[in-house]
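After this come two complexes, each holding chain A, first together with chain B and then together with chain C.
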Partner chain A sequence: MGTELPVRRGAVAFLVLAVGGLAVLGRLVQLQVVEHSRWVRAAQAVQEDLIELPSRRGTIYDRNGTALAYDVPAWAIALDNSLITKPELLVDLAVRELGLPRSEVLTKVYREGYFTWLDRKVDYEAGRRLRDRARELGARGLLFFPTWKRAYPQGPLALPVLGVVGVDGEGLAGLELVFDSQLRGKPQRIRVLRNARGQVQDLWVESQGVPGKDLRLTLDSRIQWACEEEIEDGLSKYAGAERGFALMMDPRTGEVLALAHGPRPDPEKPDPALLNPWAITQVFEPGSTFKALTGMIAFELGVAGEEELFSGDSPFVVRGVPIKNARGQSYGTVDFKRAMAQSINTVFVQVALRVGKDRMVEHLRRLGFGARTGIELPGEVEGIVRPSDKWTELDLAVSSFGQGIAVTGIQLGTAFCAMANGGNLVCPRLLPGPTEVRGRAASPQACERIRAVLGYIVGLQASTGWLAYVPGYKVGGKSGTAEMAVPGRGYVPDHVTTGMAAFFPWDRPEYVLIVVYQTTDNPEFWSGQNAVPSAGNIVRRLAALGVIRPYDKTALGRSG
Partner chain B sequence: MALISLGVIVAGLVLLYLWQGAILASLRSQRASALLSLQDLERTRLHLEYQVEQAYSLDALADKARKLGMVPFDDKRTRVVVLDGDGTSR
Partner chain C sequence: MGSAEGRILVVLVFLVLAGFLFVYSASAPLSARLTGDPWALLKRQCIGAVLGFAAMMVLWRVDYRVWSRGDDLFLGLCWFLTALTLVPPLAEGGRWLRLGPFPFQPSELGKLALVLFLSGSLVRRGDRLQDWKQGVLPHLLVLGAFGLVLLLQPDFGMLVTYAALVAVLLWVGGVPIRHLGVTGAAAVPFLAALLFGAQYRFERLLAFLNPELYRDTFAYQTYQSLMAIGSGGILGRGLGASRAKLFYLPSAHNDFLFAVVAEETGLLGALALMGLIGLLVGQGYAVSRRAPDKLGALYALGASFLLGFQTVLNLGVVVGVLPVTGLTLPFLSYGGSSLMVSLALGGLVLGVARASRASRVALLVPEAWA
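Now for the complex of A and B:
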């Protein structure tokens, strides 16, 4: 009796504990095995966050490895309106640190809702300051998401060529648009485990993400900078100049070394109009720069010679229509070289008439006019060269000095590249690669002869191209001034395009340079006063930067 | 006695397991926080790199040069030096 009772009690206790234990075990099995996935999901929802970190977009470099555009860290900041504790403080902080208008912040902070974007591209330092200050002051309700922001370490350099990206990191213009799929990567996904106090307990990368691929361009940031500075300078000092561009190419490969547009856009708030690379997307009448090409075609066909004499009297009548020289000036009998030096329209009309409509149009097409060049930029236009059967003799006459046809800057540059490299029409390129030859535009002999003429005229003080002369650098080229045709108004005297198409050294060119300015309110806007000196200044700037060395025994030095 | 010893061993092992689990959790937490700091540092580095590149951009250098009184290259301050074949000037 004395020992039975404890044994019974022990058995009962064991039974109770065993039943209890079994119940606990059963519940554990239910939670851990049967309902495992449900509770994992519930726990994850409370303890884990999935952070999607946008991948870094590819960097765009110039030919020397200088970064022109890349992603820098930034914050996307949102408001969880249900968590906001000190709304007034939050408004003050956001206004001060982010520079947002108070009215905008007030609307967002006092909005009813759970999630409102405050600003999606906040500068890294500003975002950190805001986060730290909000923590210090106990202002809750701000959500910080790490992201990237496109930055331009060289400022607005080449921005119309590079283009811009949108708030979601997608390319909107320029090379950013054309190569969007290459530059854009895949985002990295990180899972974060938090403890009861919200502190990070563990994290692991769920998806590694893929960074965007870099892009290396043919642009040279030093040449680009020199061209942009000169165009900006030109726009500020040449009366009436409203916009301009400078294009520099390597004629042997077609590589674009610089494509500068002015006025320059502000990289922080770019004006879409200024982001348009109009040297590619818009046409203009090239004016007398075209005389160089007319001369080359004439040499190619053997219908004119350098020393051949022509009448330089003005006007020259074609089919009853008088064609005049600039300012109506007559020059008497002049040779071809002098006609080129003084840009005498009437002489080139005679040359064009010798070439003939069919051959002129055929050669213009061989020079790439009337067709896209295929440069890697969006919005390129074809230019306007009508079929020869629609040309009148008057069309032929005025085409000799670049009127009645419309070209893009890149077409003009490519045509001069053909002249400079001995006749090969190369594809202009912004990305390095093997040289692509589109066809043969002229013979090496014709190119050499016209280059010698253009080299001679720039070195001649009486020529329209004299201000592009830079001692030691053997600049050759041709200037041009053309009135613009406005729909419904015809040619308007104060709407003018001026240009200078140059190359150097003229005997074996390494660079082709096109400078163009436009005005819509100055009838006295002449290439000799703006585009020509600008071309010379660009060569001087490049010499000063040490990008180019003198080709002659005579060189530039610097005094004082 | 054997039962008690077994219980002690099991309890010891459970405690060891829990202790190791706690250590592991603490190390994971440290690792996560270090990884986040590293990410933060990397982002700070990229931000600083951007500031340095901006400061050395051609525009910024030209601005600094102007502030230091260096005038742009122009014709008035340019002279032509004629070099002979041996590189001497005349």
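Now for the complex of A and C:
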């Protein structure tokens, strides 16, 4: 053609361009093929958020199918601060509809950023009202996420046992904590695509949630209710009573039918201290309720008999230390049953000395003291039973009436279950399942004999347990009053634990009932005035509710 | 249309349409935010396309030899307009002149002027090119005059483009290789001084060397671009599904449009696009080889080299193998001046192609297109 160009020169220029193009191509392959997943992750980290919406949490039922805690629909409400059009209106609305403090709402609304939780547990209706009002008034910037809120149809019933859940629907205490993974299910995961200015561009469900599984308990809400009402009553009735619990178990299976703590927490705003199931998590010295167990051990070992005579004089001196009866009273010569009825310390000291340190500690351990029971609640403690080689004669002597050792309420209940079922140390449980026996605590004969004694004394007007007598229900049991030891102060006269450990009917027990009260400002706090009548009242309440029926119709004519 | 013209025309139309598609996708969030209308920037781009196709038609249909007359005046005018961008009341953003409602970038038009002028000048000088003072010096002075203004704007990328165009046209136009070598070697310290003399250029160099380290500062744009491209994978996120355009990647609709293309359509889309531009440039080179005269050959070669060079430079920046410069991707990036001039350059190639075909078939077939 007519060109006089150096053709090769042009080719070189375009070859350079082609090389440049190939370099770009290589780079594209590197970025888009080799490093692809890395860049996807990097982009995701910058551009996306993950929102987890909790799925409906499982319902907690009592043994009869009564719901104790379930999830109801609610709203989690957030602010998209970049979209807010009418901040003053929004503040007014939030204060009025959600009942939030104005100062809190103000700081949240006038905050920099694009996402601020306003309130994560808004009642369904309140949230709907807020949404409708905001729409009407044209106040933009509110984000509504459907969520769930724990509701307690029975009010505070068994709340320290159930525990509570947090804002993310996670169990924080009690059974809600222990069975969290089962109750919680899987949350719905939502991906949110944001632009660089923080505004939401798109959102999609990444994985569907799976609702939580329900939980059925051994608790019987009627019994639980009766126990809680009685403890609340007791706390208001008995001078100085500050807190108390009532534990009811089926001795044959170890099932916990009721575990009532008072004062009761408010389910809307629970006080953490009141949520503590201290019948599990704290120890106390059981005091004279322990005489029942000392007696059972003595029967088991054959070192005492029901009719055997003892000196009831006070004081009884052990290794130079005088041990007195309550109020320093002397009783002369008494038989074992009367010593039990009148709770005569000096007699049980003599019985304990016959048992001996080693055998005493061994039998206490067989009864489950000094070890966790394994009940399905967090924070259980094991109590204190020191090894026998650390014991003095005096330790042995006072252990007979429940001093110098520390037990939990559930341990005491489990020990009395063994007494009630013929010697099996069952595992206490809050969830139904096959009965588990941890070991043998005593022979059926010893159990039967001590139950007869305890049944006899409750029916005796002159006994400390008389006020637990309910005609026809054959209550047996033993009461106790113990000063509390306070670190650095020793036993403090106005710090008192009172208790009643009972079962009925005493010949073939179906229920074990432990009632405990504590005071820190009443030196005249006696079990006979509070724990014992409370135990009787609980039996009466159960009778009135129709949960139990009289076992001995011939006794119904007797005056109570 | 089996001819070179037909192929070029089809490619140009495809490129402009692809540009519409991706400019719309990449600019919709920005348009919506700025004007409330997601189509706003695309509408302006359409105006650029209409004017560009008009220019293309003129350059195609009019005998290209006409353009060598007055090409020095045209170049002078372009220089003057470019210099005007340094006058604050007329300027917009350093590189643009305010022309009614539309900003106009005279340095873009300068590319066309430079192709016309250099080619014309090289043809006019003929054998005198063997003399350094005749062959290199005048053209170097022209480049220097533009370079001064471009550095003051500042638009380093455009200067590099101009320099490459000058070098290639002188080289292909017949200037002795040693002249070019010496001149190029002399330019190296000058370029180094430029690079390290301006803080922003030095920062861009740092960013280029280590995007990961400076990803929140100097290299933010490059890093976002790499993220967009890399996350696109082989098949892409899908048309319209770019995330970089959601204000993560600055200039997503103009200088960094290719990142959005690669994010939305993946490696395949990116390759297709590069293939189209490669086809255009290759056709341009072929046209240049078949040109009826030296002027036409230089026109076609200069125009297609310019398009190819600017594409490689832009893609190099976007994929992070070159430091960031403010160059558009021809035909595709948002920007009326760029689109118009790119189409005009395409038109120039078409004009040469038409003339070469006419010179071959004129005796046999009547002009079918006239």
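Please note the rule applied: the second predicted complex is superposed on the first by the 479 of 560 C-alpha atoms of A that agree within 3 Å, B and C clash if a C-alpha of one lies under 4 Å from a C-alpha of the other, contacts with A are read in each partner's own complex, and residues count from 1 in each chain.
Following the convention adopted for this analysis, a contact is a pair of C-beta atoms (placed from the backbone, for glycine too) under 8 Å apart; a residue touches a chain by one contact, two chains touch by 3 or more.
Because the structure is a prediction, the values reported are computed rather than measured.
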If you stack the two complexes on chain A, which partner ends up touching A:V33: first (chain B), second (chain C), both, or neither?
second
Considering only the touch criterion stated at the top, classify A:G20 as touching first (chain B), second (chain C), both, or neither.
second
Looking at the overlay, what does A:R9 touch: chain B (first), chain C (second), both, or neither?
second
Which partner chains sit in contact with A:V72 here, chain B, chain C, both or neither? Use first/second/both/neither.
first
Give one of first, second, both or neither to describe whether A:L203 is in contact with chain B, with chain C, with both, or with none.
first
Give one of first, second, both or neither to describe whether A:A43 is in contact with chain B, with chain C, with both, or with none.
second
Footprint intersection on chain A (chain B / chain C) at 193, 195, 201
Would you mind writing out the residues of chain A in touch with chain C in their complex?
1-7, 9-14, 17-18, 20-21, 23-25, 27-29, 31-33, 35-36, 38-40, 42-43, 46-47, 193-197, 201
Can you list the chain A residues touching chain B in their complex?
67, 70, 72-73, 124-125, 146, 151, 153-155, 157, 192-193, 195, 199-203, 221-222, 225, 229, 471-472, 540-541, 544, 553-560
Sort out for me which residues of chain C touch chain A in the complex.
29, 168, 171-174, 226-234, 243, 246-248, 262, 266-267, 270-271, 274, 278, 281-282, 285, 288-294, 296-298, 301, 305, 308-309, 311-312, 315-316, 319-321, 356
Which bits of chain B are touching chain A when the two form their complex?
25, 28-29, 31-33, 35-36, 39, 43-44, 46-47, 50, 53-54, 57-60, 62, 73, 75, 77-85
